[in-house]
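Look for subunit A in each of the two complexes below; its partner is subunit B in the first and subunit C in the second.
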Partner chain A sequence: MKGYKKYFLNKLLWFVITLVAAVILNFILPRLMPGDPVAGIVARLAQGMSSSTGMKAVYEKYAELFGINKPLLTQFFLYVKNIFQGNFGSSFTQYPRPVLDIIKSSIWWTVCLQFPAIIVGWIIGNTLGAIAAYVKKGFDKVILPISILIGNLPAFGVAVILLVIFAVDLKWFPTSGGYGFDLIPTMSWQFVWSVIVHYQLPFWSIVLVAIGGQAIGMRSMSIYELNADYVKYARFMGIKDRKIVGYVFRNAMLPQVTGLALSIGTMVGGALVAEIIFSYPGLGYMLLQGILGQDYPLISAVTLIITLMVLIANFAIELIYGLIDPRIKAAQAE
Partner chain B sequence: MKQTLQQVFHSGKFIVGFVIFMALLLLVIIYPLFIKDAPLAIIAQGSFFPPGTYVNIYDSINTTDIYTLNLQDAAANRISSKLSNDDREAMKEWLIGDGVPADQIDTSDTASLLDLWEKNYDPQKNIPGMIFAQKRYYQRLNDSVQGILSTEGEILAALNPETGTLEQIGTVNQSDYVNIDQVANVRVLPLGTDNFGRDVLTELVKAIEVSLEIGFVAGIVATLIGLTLGLLSGYIGGWVDDMIMFVTNLFTVIPSFVLLVLISFSIGQEQRGAVTIAIVIGLTSWVWTTRAVRSQVISLRNRDHVNLSKIAGHSIFHIILNDILPYIASYVVMALILQISSAILAEASLSILGLGPKTSVVPTLGLMMNWAMIYQAEILGKWWAYFPVIVAIALITFSMNLMNTGLDQVFNPALRD
Partner chain C sequence: MSKVILEVNDLTTKYITRFHEDVYAVDHVSLKVEEGKSLGIAGESGCGKSTLALSLMGYYFPPLHFTSGEIIIDGQRITGMDPDTVRRTILGTEIAYIPQAAMNALNPTRKIINFIEDVILAHDPKVSRKDIYDLARERFEILGLPEDVLQKYPVELSGGMKQRTVIAVSVILAPKILIADEPSSALDVTSQKMVIKMLLDLMEKGMIKSMIFITHELPLLYNVTDDIMVMYAGQIVEKATAQEAVFDPLHPYSKGLMGSIIVPEKGLRNLKLSAIPGVPPNLKKPPTGCRFAERCKYVIPECKTHPIDLRETGEGRAYRCIFSEEYLRKVYQIG
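Let's look at the complex of A and B:
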């Protein structure tokens, strides 16, 4: 157990470091730009506001929230304190609704959409890639070009094409939203059914993109392993083909797990854009709303939450990797 | 060098990718030589004109050469263009609602159908269960079928400036034709117009050009940073390596998409030019190149020829330039190609979020996508506004990935099929 504990602590430390770095970046990037950030925000917010006392009140409110008159370090601690208290300020576009409230209402849509979709896509993609590598011939000739084609379509492109075919032309699924616009979120069958129907297109568009990328990687990984010396040796020994294939794919899987950990950030970015195409009420759509309304507190909070989600996912994958990697297991046995 | 190039051009995948890419590049270079319109000029009044050939009606009427062609199917074509099968079924529905027995209505017999329609249709009449939009539809349908069976021509009239009355100056018969080559103003819009009334094809060609530029600038920035950091980290090692790898690992985990959003938003709409966006994308995407270059350099660092160079007293700069760079050049080129294609995708994603380059200066593929989405082209079925853009992006990334795979197979024999 010692080996895994060491591995775990190492990964935990790394998680904390990246988290701190992410918070610092989230804090510092908007403040690096020339000019007074609060003045910029107020100017955008106060477009069409004629009373100068009103503008001054808004300015002072945000000056206090940001603490811009204090030194940068004090500002940073104020920022961190606000984050820990869940105080992200009030949204400009949905004033006076607190940003925390908006995040709370949208985060579960994103979590329930993206993580199942990415995992399902990863599993299907790896299975197809492995089969393509093992079967070769006909199957490979079909799977590879299709994967390359889908893998090269941008995530929003897949989303738009699915939307046009299945929602606009065939009318099998609704075009936008997370549930019927005429329903109130309750635990009725009608509502649950509506959520399931609205879930399909965003889900499959993310799955398709993930399949395309994973299948290609798994295919070349598996081909590489199938040609390795230990496979030839095992064949000479007369070990059954089925057993060899099991070894080969377990070895080919390991880099794919690391690959998932490294690419999860990119995947989430693409999936956020897919959410926007379907107007799915998750974080991506909130981010778009924030950008359209120049809503700084909302954008800042959404980016921070997305980073946090990606870091946690990454941490979780690293922990699982530690459990399945035989090298770390071997260290445990010592 | 020559032999390497020969080898590269023997790879089928590389050639296919290269040909697609060159075709796009040629399109971008040649198209503006023939069509000199400004790519963002608003030519259409109204949005989303469908693709096709637009013939000026004024010029067609005033043409001096009128040809008479007696074509058998002319009348049938005219009727079917104004009265589709759906319209016929809708008419039948109205007539049944009005109380006409269904067996008397024959939708395939135009003359009898229109006869029944003329006798029974009353725009004021309320059919039970019909919504207002349907009522309006029937009124429009009624207007469009007026005089559809007439065999008379249309009379052309002009205002007499002295008396102020209309006087007949000519007739247009149903069998009159113009030769499209003799009409002064004909405009082909192969991809129609977009939501602002701009020619989509001209815009698209310019957008491909700008997006490729963004890709190249971002790719070169990312590759230069990645190469420098990777060389330093891999060759010098020690605490420099630790420092650089620490930063690299940080930025591998923190999603670059989030950084892009934060930086682009902070820059503000006014300062966001295409080049600025490209540099920002480059600054957030160097990590992969750094990792790749570093691992290559580490494997090269202790080779004999490098050690010999060290003994000979060459400077670090000299060793890197002469003994290391030539060996990793192929990896750097492959990384650059991937960086370019991912930068083009990053720009498109940013633009869909509304954080792309400043609008109204140049189009980019992402901005065109953004405009089409804002004006709901996908819901309205205006495929020409978004589909060519997706195809263009897919072709660019597809060609680049193919070139990359081809190069990979040339330089990495284990991957050859």
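Let's look at the complex of A and C:
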């Protein structure tokens, strides 16, 4: 266990270093975008106002308010301090709505869309991949090409295809939104039904992409494991094929766990495409809005969440993986 | 003559490859191993030794296929038996096997004891885990392996320890005959000695009744097995006692194998070294005549035109060469 502790501390150190770097980049990058966000807001607010001194006063008030007239370094420390207090500031575009509030209302859309989709896609994909590897004949010839096709279509391709076929042509599902735009979020049947209907296309577009990628990976891992020497030995020691298949799929599955944890970690980033195409009110969609409106606090907050989730997922993978897979455990001990 | 544990008559098996080119890697092989005896099988890489080992167990899966012949283990004919019956009643219990790549023979994510449980339960689902543990611990102790190995994953063991563990696991069901495929080849000299000693111990202690030891180094078999069989291109080219095979080889290939390896073994120090030039033939299209003809120093035109039979010289000795024993001994003496 001593080796593991060292491994843990090492990983933790790197986690912290990456985190710090990420926070700095998260702060700086949006601010390097060309354009002046306050000018945009002021222009909107000051519509009809004719005196330039009045405009200037409004501008300075907002610049003060958002802190963008201070030196960048001061802004940064303020930003960090605020983050630790759970304060991401006010959104520029939806001023005075706090960024935290925007995130709170959109993050659940993303999580409820992505999480089940990733899990379902992972399970179906791995099952199909394993079956393709084991059955080979026929089945493999069908699953593999389809998986390669879907797995290599860009995510937006799948989403657009679904959108065109099922929403535009067949009109089975709505084209956009998280629920009917004429409804108020309540716990009524009408609303819940609307949510379910709106859920389908974004959900399946993510599931399909996940299935494709997972199935290919699982198939090749399983084929590799099926030809491993331990399979031959176990067979000749009289162990039943069913048991051996169990060995093989467990071993093939372990690396796939990494894929699962990673997709959960990159959930928000991964959601972008589906959310944007279906105008689904999740974090990805909010990020797009933030970028379009040069909403620094919103962009920083969303990208920070994305970064954090990826980092935590990676960290968790390495820790858990080191525990569940003796092959990695042994490698750590060295 | 004592009881025959393994009898193989005219066994032929083939690999059916992806492009449907058959590889006859075991070609009309017959052999006998008696109780208390060990047989060494020698030959260069690619001669079909591992394929023979797999073929002996009567349990085939693609790409290896049974073609013809007969395998009898302790009086029981296993060729023609239903595969699941072979699995349940023969594999591990009558005949066991140590694969060539014993380093990778154990499932990396399963503890040794759990794998032993799988092996035992595959033959008798009623045994309790405690009995299995007790048996495993006792066996490990007899074989000089530490008990804590049982609770380890294969990756946590050193190469030599892994090899010895595989041997211990192979004999857990007290098989009558053990086939060890190059059990020492990938190891350092110390581990090699340990492994060979362990195999001899198994015989000595009666944990197995007979053994087949496969190696590409013929001289290694001296002091290890009672009899030696030399394989070339899927066929037996010589059968003899270890003493004869090492000091009085008849087939030019056996003679060549004796000269090709540095042997630190006692009594064999002054052998001249020389590798056999050339490579074994492609088994997809084996030559019609003597398969060794291409590489043989003593070749004459007749060697290449018609197949050569395995010639018995009496007392279990046999060789596959166009020349007489006397002629061969004479030319070897001249050098």
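One rule holds in what follows: the second predicted complex is superposed on the first by the 228 of 334 C-alpha atoms of A that agree within 3 Å, B and C clash if a C-alpha of one lies under 4 Å from a C-alpha of the other, contacts with A are read in each partner's own complex, and residues count from 1 in each chain.
Note that a residue touches a chain if its C-beta (ideal position, glycine included) is under 8 Å from a C-beta of that chain, and two chains touch if they have at least 3 such contacts.
Because the structure is a prediction, the values reported are computed rather than measured.
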item	value
First (subunit B), second (subunit C), both or neither touched by A:168	first
Most subunit A residues touched (candidates subunit B, subunit C)	B
Which superposed partner A:247 touches (first subunit B, second subunit C, both, neither)	second
Which superposed partner A:192 touches (first subunit B, second subunit C, both, neither)	neither
Which superposed partner A:287 touches (first subunit B, second subunit C, both, neither)	first
Contacts of A:325 with subunit B and subunit C, given as first, second, both or neither	second
Which superposed partner A:233 touches (first subunit B, second subunit C, both, neither)	second
Subunit B to subunit A touching residues, read off their complex	249-250, 252-259, 261-263, 265-268, 345, 348-349, 352-355, 369, 373, 378-379, 381, 383, 386, 390, 393-394, 397-398, 401-402, 414-415
Residue ranges of subunit A in contact with subunit B within the complex	14, 17-18, 21-22, 25-26, 29-30, 32-33, 40, 148-149, 151-157, 160-161, 163-164, 168, 175, 220, 223-224, 227, 262, 265-266, 268-270, 272-273, 276-277, 287-288, 291-292, 296, 299-300, 303, 306-307, 310-311, 314
Subunit C - residues contacting subunit A, complex	54, 57, 59, 61, 87-88, 90-93, 96-97, 99, 101, 104-110, 115, 118-119, 122-123, 153, 155-156, 166, 169-170
Of all residues in subunit A, those that touch subunit C in their complex	228-230, 232-240, 243, 247, 250-251, 254, 325-327, 329-331, 333
